[in-house]
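Structures incoming, each one as structure tokens.
You will see two complexes here that share chain A, one where it goes with chain B and one where it goes with chain C.
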Partner chain A sequence: MIADAFVLARKDLLLEFRRREVVLGMIQYVVSTLVIVHFAILGADGSERAAAGMLWAAILFTAILSLNRCFAADQEEGALETLQLAPVDRAAIWLGKVLAQMAYLIAMELVALPAFWLFFFGDEGPAPLPVIAAVLLADLGLATVGVLVAALTQGARAGDVLLPVLFLPISIPLVIGAVTATLESFPDGDGTLRALGFLGLFDTLFALLAWGTFEHLTGE
Partner chain B sequence: MPTVALEECSKRFGERIALRRVSLAAASGEAVALMGANGSGKSTLLRVVAGLVRPSAGACRVDGVPSTGLNRAGRGQIGYLSHRSLAYRGLTAAENLRLVARLHRRPASVVESALVEVGLEDRSADRIETFSRGMLQRLALARLVLAEPTLLLLDEPATGLDAEGVALLERLLTRWRGSATVLVATHDEQFADRHGDRTVRLARGEVVT
Partner chain C sequence: MTRIGGGAPWVVASGLLVPLAIALAAWWVPDDADQGYSQRIFYFHVPIALTTYAAFGYGAVCAAMYLRTRDERWDLRSYVGIHVGSIFGCLVLITGALWAKVSWGVWWDWSDRQLNVFLVLFLFYCAYFMLRFSLDEGERRFAYSAVYTLLGVGLIPLSILAVRVAESLLHPTVFTADGAAMTSEMFTTFLVALAGMLCLGAAMITLELRGKRLALRIREVRRRLEGTNL
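Showing the complex of A and B:
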């Protein structure tokens, strides 16, 4: 199943590489947000902490851009039905999408995180390693939940509106955990272990939920 | 080769009833032609058998198993030809078939031979978004050739094909006859006579003969 998931993720990445429909838009959105907030809170008291919260809000909303396109290529000519009728575990379809979504998020963050440090911090920002760990764990959670919700809303009337309506409330605990981890990474923080543990727990629970339910979401 | 059995099968889309208490059986290796006007329920019936649509009432079984509950092997034996190509527009013909071959555990070498068989070998490296309707239909046929299904569900398979393409389709159907159970929806009476062991007619979602 893992091998099938990688084959399907590779297909999604190849389509994105050729069409450039998602990642460039995500990068533009997140960098624009960072620039705007940078000028809005420049020099204000507690601006570093506000920036940490803003970073996660930007990542969360940027994720919606890619999730709204998650099944677009599969629906154009009905190719999702080829996958549904293939002799593979349907959870492989979900896992393939999660891997592809994570790749998009990481590609966006490769630009967003250096920009975040550049705009808001000198040498006194949060410790990079815990923040990167939080980013990776949060990416996994966003992709896990997001693909599940995208499968639920794909093909639905006003699905692109329905997706954030369902996705955002479920993702709020994840983002709170990620913001906490980022804040605790500052030199005066209490350590990030608990927040990272929470993110890991969230990822595990939703991965299990998605694994068990995806089969039923890809049908009619 | 699988058997197919629909028992009092109905399908409703909102207020619209697409299938009304349809009972139909196809024996192992039998070829059943489905005829009927547009909107008579042929496509819905095929999608129900494929397990892509859940019946609102009644049951549809493939080899005794509900079609929406088929396991991996059960799904893999189905070859479904739709009004759409069921392929990725951003991939080339060869890439689309390689993906199908990989998912069906078929060797990569079958891709080339399938493309040759349907006459797309010269366009194998082209993205299918540049393909005509007929070429997309040939690609869909190539998908069936390489997957070697034992239950063929063909929804108006001649749609978009030129004379050469129709001849190709007829050759393939003749080859598949006896090695697969076939349900084929068509408007063409002669086509139904040539490729069906019997014909079932639908009207407004009901079997009429």
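Showing the complex of A and C:
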């Protein structure tokens, strides 16, 4: 199943490498959002800690861009029906999509995080390593839940609108954990590990739920 | 043929227990030492919240049963459970906001753990209806709705944990590991109100199920009659 998932993820990444229709858009979107946040928060005498929280709003909303395209290519080319007929575990489709989404998010964050540090912090920001750990754990959670929700909304009426409506409430605990991890990474914080542990728990629980239920979402 | 179902015992029980709880809360229980008369909303706010969780739990169990059996009667039960849970959820937010205004002077407090957990769950279950009615009626709608409902099983403990991670202690903690921190009159009134609200929730679920089953049967009969005319 793992090998099948890697093959499917490779297919999505190759398609994205050739078309370049998701990741570049995500990078443009997240950097624009950070600039807007800079003027909206710091322009109104907001603290650097408020900006640290806003990083997660920017990442979350940017993730929706790629999730909206998660099954689009498969639907346009009829690949989803073919995949359902193929002798692969249905959970492999979910895992393949999660890996591809993780890759998109990490590619976006490779630009977003340095830009975030540049815009908001000098030498007095949070410790970088715990923030990077929180970003990776949150990416896994966003991809895990996001792919499941994208599968729920593909083919539904107004699916593009429905995806954020379903995805945002489920992501709230993840954002709370990620914001806490970031705030605790400032020099006076001491609860980083607890917040990172929570993010790991979120990833594990929803990965199990998604794995167990995804087979009900593909095909009648 | 689908059984229409009763529900009369639940209606009678809630018809007796809810007015009794109102009477006990209004005239029998002593004033709270800290919050005075306004604390009496506790006897409705907390039982309504617990009934909401019970209705959502019922919806999740029925959703799991649907995925296991593919019997659409479980889907209908799951939908009705979540529908009734959402109605009670609205009441929780309204009574909670009223209580917060009287006790803390604000309609909403973002630093409060239980309010925030409840808001997350309420938003989650409201989105359920958008998903359900965006899909055409049939097996796909039933299965997708069931999977979404089951995500709530993960979301409830995680929401509680998340707000604990970013913690605050404004909400009064009445039930602790040492038992309930209230007098016997208060506890009795609370139990009567809880039983009343649970019966009311069960009555609403059974009555709504009855209405939906009747509508399905009428549709089936109409389809048969139209087939005969052809």
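Some notes on this structure:
In the analysis below, the second predicted complex is superposed on the first by the 211 of 220 C-alpha atoms of A that agree within 3 Å, B and C clash if a C-alpha of one lies under 4 Å from a C-alpha of the other, contacts with A are read in each partner's own complex, and residues count from 1 in each chain.
The rule is simple: a residue touches a chain if its C-beta (ideal position, glycine included) is under 8 Å from a C-beta of that chain, and two chains touch if they have at least 3 such contacts.
Since the model is a prediction, treat every value here as computed from it, not as a measurement.
When both complexes are overlaid on chain A, the residue A:157 reaches chain C alone and has no touch with chain B. By the document's definition of touching, of the two partners only chain C reaches A:166; chain B does not.
By the touch criterion defined above, A:191 reaches chain C but does not reach chain B.
When both complexes are overlaid on chain A, the residue A:213 reaches chain C alone and has no touch with chain B. Contacts of A:14 after superposition on the shared chain: chain B is touched, whereas chain C is not. When the shared chain is aligned, chain B comes close enough to touch A:73, but chain C does not. Touching of chain A by both chain B and chain C, each in its own complex, is seen for residues 220. Across the interface of their complex, chain A is touched by residues 67, 120, 123-124, 127, 130-131, 134-135, 139-140, 143-144, 146-148, 150-151, 153-155, 157-159, 161-163, 165-166 of chain C. Listed in rising order, the residues of chain A touching chain B in the complex are 4, 7, 11, 14-15, 18-19, 73-74, 76-79, 81-89, 219-220.
Across the complex, chain A is touched by residues 50-54, 68, 72-73, 75-76, 78, 80, 82, 84-91, 95, 99-100, 102-105, 127-128, 136, 143 of chain B. On chain A, the positions that touch chain C within their shared complex are 145, 148, 152-153, 155-159, 162, 165-166, 168-170, 172-174, 176-177, 179-180, 191, 194-195, 198, 201-202, 205-206, 209, 213, 216-217, 220.
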